[in-house]
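Just below sit the structures, each encoded as structure tokens.
In the two assemblies presented below, subunit A is common to both, partnered first by subunit B and then by subunit C.
Up next, the complex of A and B:
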């Protein structure tokens, strides 16, 4: 598991992200995206810094962070595999694909492998519905998942 | 002339290996010492042929597909740079039956040109609509859009011109154009395709909307599941700004308009317009009660046009060719063309832009070619996770807003997901409730609590616990959700549930379980 930075360091790095985005109209979501990009998750130590800068209560910032599926409370693995579980992919057997991958990786959805190599997340539509079942591995799309492609994914995240 | 090779950079093509094909072609060119220009175009939308590689020959484009990296060597051997025959040869892409049958107005350039070449865009009629708009009175632009009959392509089908007129007529110091690119419905990818394949058409449509309503700032809210579309729109906006299409003086006119791209954070409900506005403001994406309408009090309390990507991307052709031209296509009160997205378990999946009026059967059987698995079609879900499941018996329904409403369905964002006979409709109904429970913003009780109870009731039904009682309960619950929810998430979840129940009652009668001997 990746080491988590100290809280003072989180505060400093968060402050510099805020500085870049504070001029935007409605800057909270861009800031949170920036923080997650920086740390791989949204550390709870970042929330009071953001709240202070935007003149919001900590509860309001927490409310926003917890509302959106994208923002993680814990660091993700080195790879993030988002597996589509929406209707189009269901019609092409995404349930079985998910079962196979969970078994091969030894984790359930929203979990990270013990060696920190990969986080598995369900996603509801990637807009790849004409090549279902589909996934996004570290932002790169993969369509028509079959046993061969599942094997390739597992090999890639393990290396 | 150096040969030009077109290899799609569209996410759907990438998902099928377009980057690997591009790499193989590059190294083959290098190995053979042949010079050629590789252009990464969008996709034409025939995903069953992707990755589809095209070469520009003296007599026009010749397409090859689906191309795998292992095909590349033999493509060069047989002389594909001059369009020679090969087992992947498809000929003139415009004559491929799936593409030849379409009426491409909104998607005219998508998959044809380099998405980031403003020159290529202008050569194929790009910016004509915006140029015209800069010389017109705002009220005349609005009238043109109203007369075209264009209705919101996001799903609600509200007349676009009426929305614009309300914003035009509402005085304010600042107004906004918001493009809803939170395309979350399963089975839909039209917004993604246009943003990746012809981003300038969206920018042009938004700039026209700005001039027509007096707005100077536009936001494109793109879902985070679309990283390539986000990158494409950012890149295109920067190019448009540099070329003076956006900025303090749009195409040298007295109008100012600029665009900012924003990224969602995985909440399906943010596709609902008022929830999207709250999200843009940096709040929880909770649905607002209406009134006030966004056209009166929208983003940051200012008058706001909020339109779907395809609605805005359809505006340039309307301004360029006139309301009458666009209005001429279609059926009844559904005018113009609609990009139908054929998805799921289907043989010829992809985007099919056509005038309204094709029947569901024509789309699924003739154009889509039936299921990919080769088994019989059992059901098709039209309009995303909030759309109804249609059985084959209703395949005569014409693709038209009113015709679908009359059969307790909706066309939504025009996505069609095909299921073969292995589909379990009770499971699909349960998923609809579960999805609503996961994605509910939590503001109104029928949606937040109703969807949870819906999952439980359907689970009891699956376990055969007092089935008659559960059926009555789920029907009543759907009624409450339909009429008591604040927005379409809770309000439309009953469509997939009740249509599954009505059209496939056999799936809701669980197999009799043998009594366990005690």
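Up next, the complex of A and C:
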């Protein structure tokens, strides 16, 4: 697993992301996305830097970050698998899909495998209801999950 | 009155749920069959309360904008579907509202049941104080059961059995440990109902934005900053969140420890010049809580950490409660009766006058005491001592304000009320740090800035207003200390040469010749931005932009503090500010003006009450025969027509041997006046120094007679705040030492043979009103009736004057004055290459006599020297190192704080702690017009040090020796 960057480095890299996005209207969320993209998570050390740049309080930035589950507090695995658990997918058996994947990967939701290869997360509707049950692997949508596709996913993330 | 009494004498202000609407159009509706007429835009909740019908609520309170989250305040409206929230629904003409029905009852109970199902131990047991709004609402909606049980994730079952306080129970999945880090209040997350009132109070009222709701859904909970302990977070401990909390999640520790108050008295805070009104809430004979009074016209229900929480000094063990005497200052003190102390003081004063002449004694009035007390001290000096040797601590702070504003505008006070800031478009702050020194006003200023007003800050230091959450100065001009007059004249240059002045206003209200003269003066190229930029060490373009913004940005309001007055050109700078306001027509209406932010609670009052050696009350010179006649008639004595001695003249005379006795009420001149060694030398030469104070202050080390003082909680009277507002001070508890300060002064006067017979301070105010035209209409009866008034209050303005110069400038024609910049004698050189400037911090007040004796020390336990990283590195100084701070006058040591808040070449410290003694370092330069000392500029050198200087060691030893009291064990400290 990669070492987490030191706090001064986080501050510098965060500052450059802020610089690119500060001019946007409502720049906080784009900046947070940028930070997550840069580090793979939103380091706590980045928040005071963002607060200072946008003239917000630390509290406000923390409030926003903690509201969205998508913003991680810790680095994710190399792959991120999001399984839809919303109504349509549930009716098409997403619970069983989830159970199988948890078993095959050896982790529960919100966990990362020991080798750091994959993080498993529930998500509530990907807008792929017509192809339920659906998932998102590293940002790529996968529909009509069945055992074959589950096997492919596991092979993909394990390599 | 907006007040109803729940229990006799415990004042509960009505909570209307949402703020008042300022609309002019009125709307009439019917609530539960009652017709009520309210301004357009009022919420149904508020209209209903105004009709006397309370709608249950949890997330609404009238200090905050409506939020609509709790779903308790639902109502039915004829012709509308559903049950809208009454807090977010505005009234409409002819609307018919029902606040009670079976359906509403059922909904409210259902919602309330969900709340209690997630509250520690359910609905039927009292939690915390048992007197919270939440507890009251449970009863109000008539909840009788909790079908969801008490097994929920947020229920905190007592681990060690029943009877354990909430927050101390077992851990559940969402359990958060109680936060006790703040010395004054506790946060128990298990009692939080996530109504966001605290978060909104921190944002809307205080403007700090230190709180947030963390997470979402069931896990959401209020936290400080990034889920930090309150003490480590951005919280400034103003207490607005505690006041707003409807449960006991945030609650004052004093209430949890001592229980709910039994009675309350409305009074005025004795800290800064904002003059907040409070309800002092008492249990037995002890104050258990200070609650800001919503009807208070200066603070509108808000407060800061000092006013709300730092009242514990009144009961501190250091307080001296018995009069004391000693022959020599090296003797230990001897406790005596009031009679013995007063007789001794009176005999000594008479002996000294017999021996050394009538002018050999004098008095010092206090800006912390009431108007009535101050008036009596100056009366004692003029009538009893037969001279004009009276001065006050305002000498060392705002005397240039009096002089400067009087010369230009004709009145010695600020022009606006605090509410005026709501209409300001451009706010110019110079030499003031409102978020620390006038926090409640700063909150209102920040609110206006968040609404879009522009800010210009002129200050050597990057004060918090320059940049803090949601506030950012358009221009910060970090001028070199001591160059105020240069920058202000430079701003005038831009306004003059770019013709940004308001000619119509000037022609109508000002002396045209004086204006022409000023125009010629400021237009001189030596005041051009390029030149001024050199002098002040800033950018020329910033000067131009700032001047244009102030002159053309709409209503321009100037707020200034001691950073303007405490200079060798303090009076000149005040006049320069008045020049700018007159030239741009920024006077005489809401949103504009020239406003000193007064330091102490009653510094305005002490000046108004004739505390100066040359002026009677109301700023009338002692040489004016007609004025003297008024007092000669009233007091039955011949009065001296020559001005008396100022503080520093008294000390000089003492060293010369011609001044031998002084009566000092409530001021610590040794600590607060410049050049400490000079003050000490003067005091040491005197034969009778009478000090009246709460504590054995620094000055008392040189005293022969000590008279115990009374706190603001122990007396009746009035304070006058920075907006000229005469506020009532009411006795909350009996004087602990037996006498209120005015009674002690009266007893001294009687011992001197004067026939004084006041039985209540209201009689003193009557005498003030009878002899002072600007106070002619003031009486305690009037103040009781209307709450407070702003002077002038007389026939022309029976209810006082919120804004001055409305119908033309008081002086007649506004007087423009040439403001030639003369550099201070305090210049940096090879030996002293840095400039020291001084200031204050939020949690401490002035010399710290009160706040150091409270838990406020957790925020500021010592004075630190702020130094720029560049200067620090050059000297090998790291953050937290002991450093020696030396000037031409002396040296002291303190610890360094390395920060870029100060510019290179500038260092900064506070003066709250006597063992630092920043004034050992400050020099004896002073304002040319008023002798106000130049605290804000001293050339210094900073070097690494091993610890306190010899002087500080000697001082500590001497402090101990001169504070011994016979029969008392020495304090361990």
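General remarks:
Methods note: the second predicted complex is superposed on the first by the 159 of 159 C-alpha atoms of A that agree within 3 Å, B and C clash if a C-alpha of one lies under 4 Å from a C-alpha of the other, contacts with A are read in each partner's own complex, and residues count from 1 in each chain.
One rule holds in what follows: a contact is a pair of C-beta atoms (placed from the backbone, for glycine too) under 8 Å apart; a residue touches a chain by one contact, two chains touch by 3 or more.
Keep in mind it's a predicted model, so treat the numbers as computed, not measured.
When the shared chain is aligned, subunit B comes close enough to touch A:92, but subunit C does not. In the superposition on chain A, A:59 makes contact with subunit C only, while subunit B stays out of contact range.
In the superposition on chain A, A:33 makes contact with subunit B only, not with subunit C. Of the two partner chains placed by superposition, only subunit B is touched by A:132; subunit C is not. Looking at the shared chain after the overlay, A:44 reaches subunit C, while subunit B stays out of its contact range. In the superposition on chain A, the chain among subunit B and subunit C reaching more residues of subunit A is B. By the touch criterion defined above, A:140 lies against subunit B but remains apart from subunit C after alignment on the C-alpha atoms of chain A. Of the two partner chains, neither subunit B nor subunit C is touched by A:76.
Once the two complexes are overlaid on the shared chain, A:67 sits against subunit B and subunit C alike. In the superposition on chain A, the residues of subunit A contacted by subunit B and by subunit C overlap at 63, 67, 69. Touching subunit B in their complex are the following residues of subunit A: 24-30, 32-33, 54, 63-64, 67-71, 82, 86-92, 123-132, 134, 136, 139-144. The residues of subunit B lying in touch with subunit A in their complex are 11-12, 14-16, 47-48, 50, 183-189, 191-192, 217, 224-229, 260, 262-268, 279-286, 300, 341-346, 349-351, 372, 381, 384-385, 415, 417-420, 423, 428, 431, 435, 438-439, 441. By the touch rule above, subunit C contacts subunit A in their complex via residues 208-216, 223-227, 233-234, 467-472.
By the touch rule above, subunit A contacts subunit C in their complex via residues 44, 47-48, 51, 55-63, 66-67, 69.
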